[in-house]
Structures are given as structure tokens and as C-alpha cells.
Amino acid sequence: MIGSSFNQLWQSTGLYGFMGMVEGFGIGNLIMILVGFVLLYLAIKKGFEPLLLVTIGFGCILSNIPMGYIAGVDPSTGDAGFIKLLFDMGIASGLFPILIFMGVGAMTDFGPLIANPKTLLLGAAAQAGIFVALLGALALSFIPGISFDLFAAGSIGIIGGADGPTAIYVTSRLAPDLLGPIAVAAYSYMALVPIIQPPIMTALTTKQERMIRMQQLRPVSKLEKILFPITVLTTCAILLPSATPLIGSLMFGNLAKECGVVNRLSDTMQNALMNIVTIFLGLSVGSKMEASHFLNLNTLGILVLGMIAFSIGTAAGVLIAKLMNKLDPKHPVNPLIGSAGVSAVPMAARVSSKVGQQSDPQNFLLMHAMGPNVAGVIGSAVAAGVLLAVIPFMAG
Amino acid sequence: MVFLAQLPKEQLVTQLQNGVILMVLGIATVFVFLTLLVFLTKGMSALVRKLAPEKPKAVVSSPAAVSTSAASASEADIAAAIVAAFAKSKE
Amino acid sequence: MIGSSFNQLWQSTGLYGFMGMVEGFGIGNLIMILVGFVLLYLAIKKGFEPLLLVTIGFGCILSNIPMGYIAGVDPSTGDAGFIKLLFDMGIASGLFPILIFMGVGAMTDFGPLIANPKTLLLGAAAQAGIFVALLGALALSFIPGISFDLFAAGSIGIIGGADGPTAIYVTSRLAPDLLGPIAVAAYSYMALVPIIQPPIMTALTTKQERMIRMQQLRPVSKLEKILFPITVLTTCAILLPSATPLIGSLMFGNLAKECGVVNRLSDTMQNALMNIVTIFLGLSVGSKMEASHFLNLNTLGILVLGMIAFSIGTAAGVLIAKLMNKLDPKHPVNPLIGSAGVSAVPMAARVSSKVGQQSDPQNFLLMHAMGPNVAGVIGSAVAAGVLLAVIPFMAG
Amino acid sequence: MVFLAQLPKEQLVTQLQNGVILMVLGIATVFVFLTLLVFLTKGMSALVRKLAPEKPKAVVSSPAAVSTSAASASEADIAAAIVAAFAKSKE
Amino acid sequence: MIGSSFNQLWQSTGLYGFMGMVEGFGIGNLIMILVGFVLLYLAIKKGFEPLLLVTIGFGCILSNIPMGYIAGVDPSTGDAGFIKLLFDMGIASGLFPILIFMGVGAMTDFGPLIANPKTLLLGAAAQAGIFVALLGALALSFIPGISFDLFAAGSIGIIGGADGPTAIYVTSRLAPDLLGPIAVAAYSYMALVPIIQPPIMTALTTKQERMIRMQQLRPVSKLEKILFPITVLTTCAILLPSATPLIGSLMFGNLAKECGVVNRLSDTMQNALMNIVTIFLGLSVGSKMEASHFLNLNTLGILVLGMIAFSIGTAAGVLIAKLMNKLDPKHPVNPLIGSAGVSAVPMAARVSSKVGQQSDPQNFLLMHAMGPNVAGVIGSAVAAGVLLAVIPFMAG
Amino acid sequence: MVFLAQLPKEQLVTQLQNGVILMVLGIATVFVFLTLLVFLTKGMSALVRKLAPEKPKAVVSSPAAVSTSAASASEADIAAAIVAAFAKSKE
């Protein structure tokens, strides 16, 4: 009896599971745990988007522990693990990314965009990467071993939106099995923006263009800041209701911040609520990094396509800025701020500023780059709305 | 989403066609939407300055101010202020 | 194919929905969105109960966007929108108003009431408005186009309790379809207390009565403050268990505040938890402002009856104070504090104080008015308990 | 709750009768409950003062103190205190 | 009609319920309410673990109010009470103790343990109480009127872990009906540690032993503190996956604290999230103090066995420290820090320090006792993992 | 768990046997696990000191610092600091 109990204990060790002796577990789990440790390393040591990569990485580790059933259901008792509970509560339902977006809205200052609305076009252009990557995903599917349908392709494209909650929301709606690689790609590339963007930006611009100084932004009144979220929401309600969950929660957060009469709510959206949801969301997303869904050619395809999406978005932003200068030479735009249109707030705007100062240390582009930067958030949400509205109809 | 070993070629071509349509539709919608917003925002601002020409209060604030754990940050600021105050008061 | 896709996109615009081309949507949604904007205007510009009216207003707007399905279920995918998730989580279940009440308890100081317990009677009298409005709702139902059953009438009456969470809790239990108009009426009239009450107060009192000065309140010991919530809860448990969810959570919050050993919990009840729940509750309540349930004669009836309830509650509070002065002339009560018995904490108490100072600028009634003010919260919860216990029995 | 175009008159009258009963019951219960509380509170206070005649600590505090976003408020206070302190120290 | 309504109101009073006139309620509820008041008294007046005993006590009171249906389902309407909602959300699912453990991890400094790893053995020894109490529970079942199966015995044993969330997690998995008495016993005895432990500690040590001074702890680098939670988690994943929900969440919280790049998340785990969950968890656990499950001989058995478990754990910790001194006399350990191995953080460590200073006021043991103290948390979680892995297999 | 008036004696004996096994298994596992951790922790520390011999920053901090409602506490500290500062500056 004691022997059989020791045997039972041995058969319930993780080691036994890693050796592939239990159905559903194996060496793949060990590899994914190491991937989780790499994410932790990147987050802690390299400072890559730590809020998300620490939680996603830890979620990945916990979910891949054999017979821990932390992100699954224990077959012997029927009890669901705590990460599965969190996943069902907030990712399967789509609630968590919406709440994060509320907090993002409450932390965003649309002032620079209101002061110079034409930078919205830069935020539009930079979404090109989304659709090119979508097409790329469908093209890659001709390669044996890689297989993406329209739902998957749309989710992969949205990586190019450079906006975490949008990517997670769209993927949870269209292709939840791909959440792991898509979220990891999105956050990793957002962290890598200072490495990905500068070469593209300098390749597409002349030194003279990079030295363009822009007029100082006019001050924006409180009333304008209050009316802006309402304007955006109204436009969205009339044109593209499928984008209203995202745009609506973003603008709700922003209105709460700007209206000045509900500061305690806006504080909570930015802090307690956002932090709680970030913890839950990160762990849940990490749980989709299961060996069986992650360790395949598709993941490699996603990583490549994500990089392409970021690069094309960056290039499109810069190029459209140059086009705008051609069309309206009186109000010149430094094309370096075009790259900020991919969103990746506020990292991309800082990159614009930094690259600009390499050509002219006295040229302060940060404020100017914040306009396209936040426009990119709106642009990605609009693109997400198109995907969510059209793909189920096309596929059905 | 279904993971297939490989989709039949015909279906892949149809998908690609759909993808092109989606790209056209998507880029068009994004541009129409944001271009419209350019005009609406300009109109809104013009209207505000005409109807409520209040002295604008807020200069656009720094993006660095995107709050990170606001409470502790501001406490640190306060602590810094105290230290600075001391340093000065001892001069 | 591209034509049919463009057509699909056009048919998924909000404009198409507002034009009534899609089943379940129409011009009524546009009207309700405008109502939502009016609520935002009142909250932001006029400062009417902004914590609730900003969130309710925004919830109303989001929920009425055609084909946004933010407060409903998308028929094509079966996905529930995020406001529907919040509604089911906290309003259908009754959880959110209870948690708000916990926070209210943790923010309430019963000291003035303990120092002068007979002001409890003022809080009792002011509940008369609840039952008169209930009767009024049943009488109004004789008018064609207006139709309230007992459940609806009880929910309408509770507007007169001038207490948001109580009104929402009772309505969610008795007549959830009326949540929209009832919550809007309750919070709007609470905000309008400085306009509704003063004429009634001056009409029912002589200048001499308004100048009555009251004895300074005695200090209240910490032990009394700890024992008070326990006394109220015990009484409620013995007499009226149906009121214990409300009274119990209120007194739990208050005990957490007063006992002094769980300050971190009481802080959280008042801040992080209360703010999160307020956001969720406001959006959810706003989602019940659907065109089909809001744009009818019943809503008009509710608004009229709510006003009547507030007025009668105010009058009853003032009159009973005058009666108390007749019966016990040695301890005179300024009848102006009677109006504070409707609750609407702390607005009604401030109104008492302000009207008092119009007759005698040196007469400080605020502290004295806080007694009946918080008594009104208890009184409303007791009245709610009666409604919840008796109405299902009568109707069944 | 059922929304009917119009309830039959008989039912309306029954409802109204029930409403009257509810009003009587309700007002009575509220008064009985709160009157009882008056006595219980007085008794409780008397008992406390007899059994634990501690020096009462807390004067009833201001209703204005109903906390609004406590943290930030108190930080503002601290900041104000620093500013005030400085102003004074420069005198 | 009015008579029948009054009768209905009378039959819905708590008094009527206490008198046993309604199925499912009776005098037992009154007794349990008094027990709830005793818990409040101990928490508020005596300062016994107030965060938990105030909430558990209040939950007990609310849940035992006849016909309040706050922790049950109202049979006439089918509505679940709010404490039942909280219970199902977080205790039945096991989520709340896990979230608490996350916060505990974010509040724990493993530095003293890393500086002197052999104190881990003291934390191991002190778990002996768990298994002796388990055996005791099975032995007590020979007494008529007391009846514990293996599931119950395991849950009772875990009281000896002196760790609230671990006890609640294990019991919610193995014997949810015993949650009330087990949680009460665990938290009460943790509060009583300053009374239970000292006599055992002095009885088992000589004055000379109690005066042993320990070498000052070496400083621990940030990198070590980051790698420690990863080391523990990895060990647990390989050896004992059934303990990973507990160990994993503890180490997630600790990594969030130590890594230094997600301070806003670690702040939230320690404060807003922990407080919210504590409120919900306390109320829910209190709801398991129903008369029918609490007022029996089993509860008495649980209280006795819990005390035995604490005592044996204390003794084992002290004795193993003495053994270590025999085996390795060059690095003497003051045996008083052995008792801290039961966990009950940080109370047990303070007791070690205090008892030490009674023999030598200049001997500061607090830091040294923190090592075994936090080791005890890990040890209890490991023991919990064994129970969770083996008991269902043995019983099935 | 099932509450029985009394389990049959045989079952009680079987349970007790299982309990003894569980005790042996449990105590063994706890000791093996934590003993392993002793060596792993020592190894980890040795490795860290060899590979990254950085000046150790943190002296082990006080257990009293286990945060209780951190925000308010630190605000109180700040307030205290201000007061102290003032007291000093007036000297």
C-alpha cells in the first residue's frame, strides 16, 4: 500500500509528466517553460514591456507545468485551475482588453492631436501594415505546414496595430487559439520599436527632411478636450458600430479624465482597476502559450509577419508625411513623426523625437509625434472594427 | 479557427482574393474615418473658439506624464521636494 | 464580391441602423443617445451627481448604438457585449448596489445620529413619499398608456427614498426593465434637491421656527460608534430580515470604519472597490435606457411620481419635526432639518443648513441635519425591506 | 413585470387596495423600526457611559469630510503644506 | 386582507425564524450569530487577526439571519444572496485564496531565508503538526458523534500549517463543508500564537540554548532575490505539480515585488486587490458557519486537533533546531527560532524574538526567525500539495 | 465529505492505515523538498556571487515593514518628515 502510494506520488511529479508519460504533457511543456523564462528575462533584464511580459511569461510557465492543471481542468476532480478561471472571466468574454482600453483612455492626452488634427492621417497610414500582414498570412498559407484562415490572418494583421489590448480583443474574437503567439509578438515588437523603426525612418528620409522644424502646438482648451472623445465616439457610432466596444471604452476613459468631475473614477481606471486587469490578462494570455499550439511553423510565420507589419506601418507613416509635405508645403511636417502613427504609445513618439535629435539636437519633436501616436490607437481600433465586421461575413 | 495540415489550393486562392478585398475595404475605411475626423475635429475646435472663447487653460501636457503608478510617483516627488527644501534651507 | 462586401459594410453602419433598416434598431436609439448626451451635459456642466450621471449617460449612449451589441448579444457570433457582461455580473445578481452600500457605510459617520437619536423619527417620516408615490403609480395606471403593476409601483416609490443604491437594488429585484428611468429619476432628483426642497421648507415653516437654535451635539465615544451598527443590524435581523442585505452591508462598512482595526479594508471599500463598482454599475444601469423601454408614457409617469415622492418626503420630514416640537417643547428641533430625512446624503443636510442661514446667518444646522440625513438611509432600507417582503406575496 | 396596454379596471382597483395596505404596513413598519431604534440607541449610549465611562475622544466630524478620492486629496494637502512651509521659511 | 398582510409580515420576521417556525432556521442560528459577535469582539477588542476575524464574524452573522437568504437562495424568488455569489465566485472555485497568496508573496521578503538557507529545515519540521493532527482526526473518529473521513482529516491537519489561505484553499478542495470551523480555528490559533508557543518553547530548551547568539545575516543581492522565487517554482514544478497553484501564485507575487520593473502591479497585489479579496473571502468563509454544520461534536474535535497541530508543529521546530546544533555545532542555531517554522507570519517570528529577549535582552532574533517563518509558508504549501495529490487517489 | 453518524469500525481502521501512510509520505516529501531547496538556494547564491559579484544593495529589511495599507502609512511618514523638518528649521 505504501509502495503504491509512493508510486502514485512519483507518477504525479512534473518530471514524470515532462517525460511524456502522461497524456497531454511532454517535453514541449519544458520548452515552453524555458520560453516563459526567456520572456521574464527580456522583461526584467532588458525592460521590454515589463507589465505585460512578466505576467505573460509567468502565465506561460504556470500553464505548462504538467499535471498542475492551472490553466485547465483537473480530470480527476473536475476543478478548473485559477488561470482558466481568469481566462474564461475576461479573455473568452472579451472583458479584460476593454477594461484596459478604458484605462488607456484615462491616461491618454489627445491635446497634441486636437492642436494639429491632420496628424490623424499619419495614424491612418500606419495601419497599412495590418492589411499587408493579413495578405501575407494568407499567402504564407501556400507553404506546407503553415495554415492560416481568414480569422487567423485578421488576428495576425492586427499585430501591426502595435496596440496590445486591440490585438488581444480582436484575436479573442476571431482566433482565440492564436492568442499566445500574437500577444507575444505584439508586445515584443512594441518593445523593439527603438530597434525596428530608426533604420526604416532614416532610409526613407533625407537629412534635410529630418531637420524640418514644426510650428509650436497651440494650447488646447478644456472644452475641446471634453468634446473630442464625444466627436470620435459619435463618428464611430454612425460609421462603424463594430468598433464601438474599443473606441467607446477608450473614449469613456478619456472623457472621465478630461471632464474633471469624476476624477476618482478616472484615477481608479488608471490604477487599481488597470493593474488588477493587467495581472489577470497577462496570466490568461500566457496560458495560451501551450506547447501544442505554440511549437509549430505557424508561430514562426506569425513572428515574421508581425515584424513585416510593424515595418510596413512605419514606412507608410513616414511616406504619407512626405506626401503631405508635397501637397501642403506651407505647413511642413517632419516625416519622422509619421512613424509614430503605428501607436506603441509612447515609445514610438520617443523614437521619432530621438531620431530627429540625431540630425538637429535643438529640434524637439516629442509633442508633435504624440499626435500621430494617439491617432494610431484610434486607427487600429477602426481597422479592428472592419475586421470584426467583415471577416465573419466573408467566411460564413 | 481550424488547424488543417494544409488547405486545398482553391480555398487558399479564394482566401487570398478575400484578403485583397479586405485590404481595400480596410484601408479605405480607416482613411475615410480618420479624414472625416480631421474635419470634424477642426470644426469642433472652431466652434468652441467661436462660442466659448475662454482663455485656454491647459498647455498640452508632457507624454512623460502618462501616469505610472501615480500614487507612489507623486509621493516620491513630495519626498524629493522635501529633500530639496532642506538642502535649500540649510544654505 | 467587392461590391457585396462594400454593401455589407454599409449595412453594418450605424446610420443604416438608425434608419430602422435593421430589426430592433431605429430612430429611438438616436433619441436615447441624445438623452445620454443631455445626462453628460447635466453631470459635467451642471455638476449633477457626476459620478453616476457620467457613467449612466455613457452607458446609455453605448447601449443604443445600433449593431454595437455592447449591452446585448451579437446574433451573428453569439458574443455578449461588455456592458451586458457587467450587467449580468452585478445588477441582475444584485451584487453591485450591495457593494456600493458597503462603501457608503464606510464613508458614513453616524455620530450626529447617536448624539441625538430622536432625529431617527425625521428619517422615518420622510419615507412617506415612497408609499404615496407607490399609491400614485397605481392610480396613474387608470390613465390609458400608463401601466404599472405592484412590482413597478414599489420600484417607483423607492425613488422617494432618495438613495441611489437602494433604488437600484429594489428595482433590480422587482422590476428590472424600469431600471433606466428609475435610476435616472433618483439620481437627477437627488441632484435637484437644492431646487426642489427650499420652497417646500419655507412654505411649511414660520420664520421663527426657521430660527430655532439647537443644543450643541454631545461628543460620541468610539465604543458607541462601534456598537451602533451592531444595534441596527440586530434590530433588523429580528424584525425585518428582508432588509438585511442592504442594512447588513451598510453596517458592515460602517463597522469596518469605526472599529479601527481594519482600516485598510475600510479604505478599499471607500475607494478602489467603490470606484470600480460605480463604473460598472453606472454603465450597466445606463444600458437599461433602451429606446423600447424608455420612450413611452410610463417613463413620463415615473418622472412625475419621483418628483411627487421627493416633495412629499420633504414635507413629511418638516411636519413631523413641528409635531415633535409640540410634544416635547423643552428640546426644540429646527424643522428645517426634517427635510434632510429624505437622505440624498449629504446634499439634503447642506440644504437644511443653507435655508437656515437665510433666516439666521449665525445658526449652524449642518451637524444637526446630518442625523436625520443618515437616518433617512436606514429608513429607506427598511421601507425597501417591506416592499421586498410583501409585494411578491401580494402579487403571487 | 408585464407591460400591458391597459390592465382591466377590476385588477387596477385590486392593485390600488393592495397599495393602500402596503402604505399602511410600510409606514407603520418604518416608524416602529426607527422608534425602536431611538430607544435602543439611547439605551446603548447609556450603557456605554455607565460601563465604560471613557473620555469621549471623537467630536462628531464634519460631513464635508466624506472622503472623495482620499489618497490624492491628502497628497494635495501635503503638497500644500510644503508650499506653505516654504512660504513661511522664506519670511 | 390587511390582516393577512400583517400576518405575512410577522411570519417574515427574524424572530419567527429563530423560533424554529420556518423550515431550515431555528435557535441554532441565534447561537451562531452570538458566535459571530464573539469573533468580532476578539478581533476588535483583543486584536486577534482582525482583517479576517472581522470579516468572517460579520459573514457568520449575516448568513445566519433567518430568511435573509444572504448566503443562500431565496426559495420564493430564486435570487441568490450576495454572500452566496461571493462564495461561488471565489471560494468554491478556489480563486480567492490564490489571489491572497499572490499578495502575500508580494509582501514577503525571502532575504533572511536566502541568507541562511538551512533554516528551511526548521520550516519543514514544523509541518509535522499537520500530519499528526490528520492522524488524530482519524483516531478521534472512533468516538461516537465525531466522524471525519480522509478528506476532512487532511483539511483539519492543514490548520497546523498556520497559514490562512493555504488552509482555506485545501479545505475548499477537500471538505468545503468544514470551511467555517477550520478557517476559524486556523485564524484564531494564529492570533493565539503568543500564548500557545512560549510555554512549549521554554519547556523544550535550556536557558543556555535560549541565549545562543547567531551570526549576523549576510546581505542578499537583488539578483538572488529575483532568482529565489524562480528556483522554488522550478523545484515545485518538477517534484510536486499539485502544489503549484499555491507555490506558483506566492512566487509570482514575490517575483513581481523583487524584479523591480512592475512595482505598480506588486503594489496592487498587496493593497487594492488583496483588500478586495480579503473582504470577499472573509464574508464567504463566515457563511460556512451555518448552525447545522457548526454546532456539533466535529467542530469541537476540529478545535482540539487544531490546537494539537499548532503545539506539535512548534515543538518539532524547536527540537529539529536542537538536532541541527548537535550535527553542526560550528554554526549554532538558537532553537527558539524553530518555533517560527509553523509560519503564522510574522507573529511567530516576533514570539521567537520576544522569548529570546527574556533570557538575554541584547539578543535580537527577529531577523533570524524570519527565515524559518517564511520557510514555513513554503513548507505548508508543499504539505498541501501532498494532501491534494494523494487523498483523492486513496479515497477513490 | 459525508457526515455519517458513525463509520463502521473496519473503515475507520483502513482510514487510520491510510493516515499513517499519508503521514510518512507527507513528512518525507516536505523534508526532501525543503532539503533540496537548501542546496539549490546555496548553489544559486554561490553562482550569483561568482557570475555577478555586484555590490549587494539590500540589507535584509525589517519584517515590521510588511506593508499595512502602504499608501496611508507613507503619507503619514511624509507628514512626519515635514513636521520634523520644520521643528529643525526653527532651531
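Which chain is which? They are A, B, C, D, E and F, in the order written, and residues in each are numbered from 1.
By our rule, contacts are C-beta pairs under 8 Å (C-beta built on N, C-alpha and C of every residue); 3 or more make two chains touch, one makes a residue touch a chain.
Small disclaimer: the values here were computed from a predicted structure and weren't measured.
J.: Please state whether the interface between chain C and chain E is built from the same residues or different ones, using more than half shared residue numbers as the mark of same.
T.: Different: when the shared numbers are divided by all numbers used, the fraction is under half.
J.: Decide which interface, A-F or A-B, involves more C-beta pairs in contact, and give its chain pair.
T.: Top pair by contacting C-beta pairs is A-B.
J.: As a quick test, compute the distance in whole Å between the mean CA positions of chain C and chain F.
T.: Chain C and chain F have C-alpha centres separated by 46 Å.
J.: Please work out the Cα centroid separation of chain C and chain E, and write it as a whole number of Å.
T.: Roughly 40 Å, centre to centre.
J.: What is the distance, in whole Å, between the centres of chain B and chain C, each centre taken as the mean of its C-alpha atoms?
T.: 36
J.: Pull out every residue in chain D that's touching 2 or more other chains.
T.: Within chain D, residues 18, 21-22, 25, 29, 69, 71-72, 75, 78, 82, 85, 89 contact more than one other chain.
J.: Find every residue in chain A that makes contact with two or more other chains and list them.
T.: Correct list: 5, 9, 239-240, 264, 267, 271-272, 386, 390, 394.
J.: Which of the residues in chain E end up touching chain D in this complex?
T.: Spelled out, the residues of chain E in touch with chain D are 1-2, 5-6, 9.
J.: Write out the stretch or stretches of chain D touching chain E in their complex.
T.: That would be residues 17-18, 21-22, 24-25, 29 of chain D.
J.: In the complex, go through chain A and note every residue touching chain C.
T.: It is residues 93-95, 98-99, 102, 173, 226, 230, 233, 237-242, 244-245, 248-249, 252, 255-256, 259-262, 264-265, 267-269, 272-273, 386, 389-390, 392-394, 396 of chain A that touch chain C.
J.: Note which residues of chain A are touching chain E in the complex, please.
T.: Interface residues on chain A, with respect to chain E: 5, 8-9, 12-15, 17-18, 33, 37, 40, 43-44, 47, 50-51, 54-55, 58, 61-62, 65-68, 70, 76-77, 79-82, 85-86, 271-272, 275-276, 278-279, 283.
J.: Hey, which residues of chain D end up touching chain C in the complex?
T.: 1-7, 9, 12, 15-16, 18-23, 25-27, 29-38, 40-42, 44-45, 48-49, 52, 54, 56-67, 69-71
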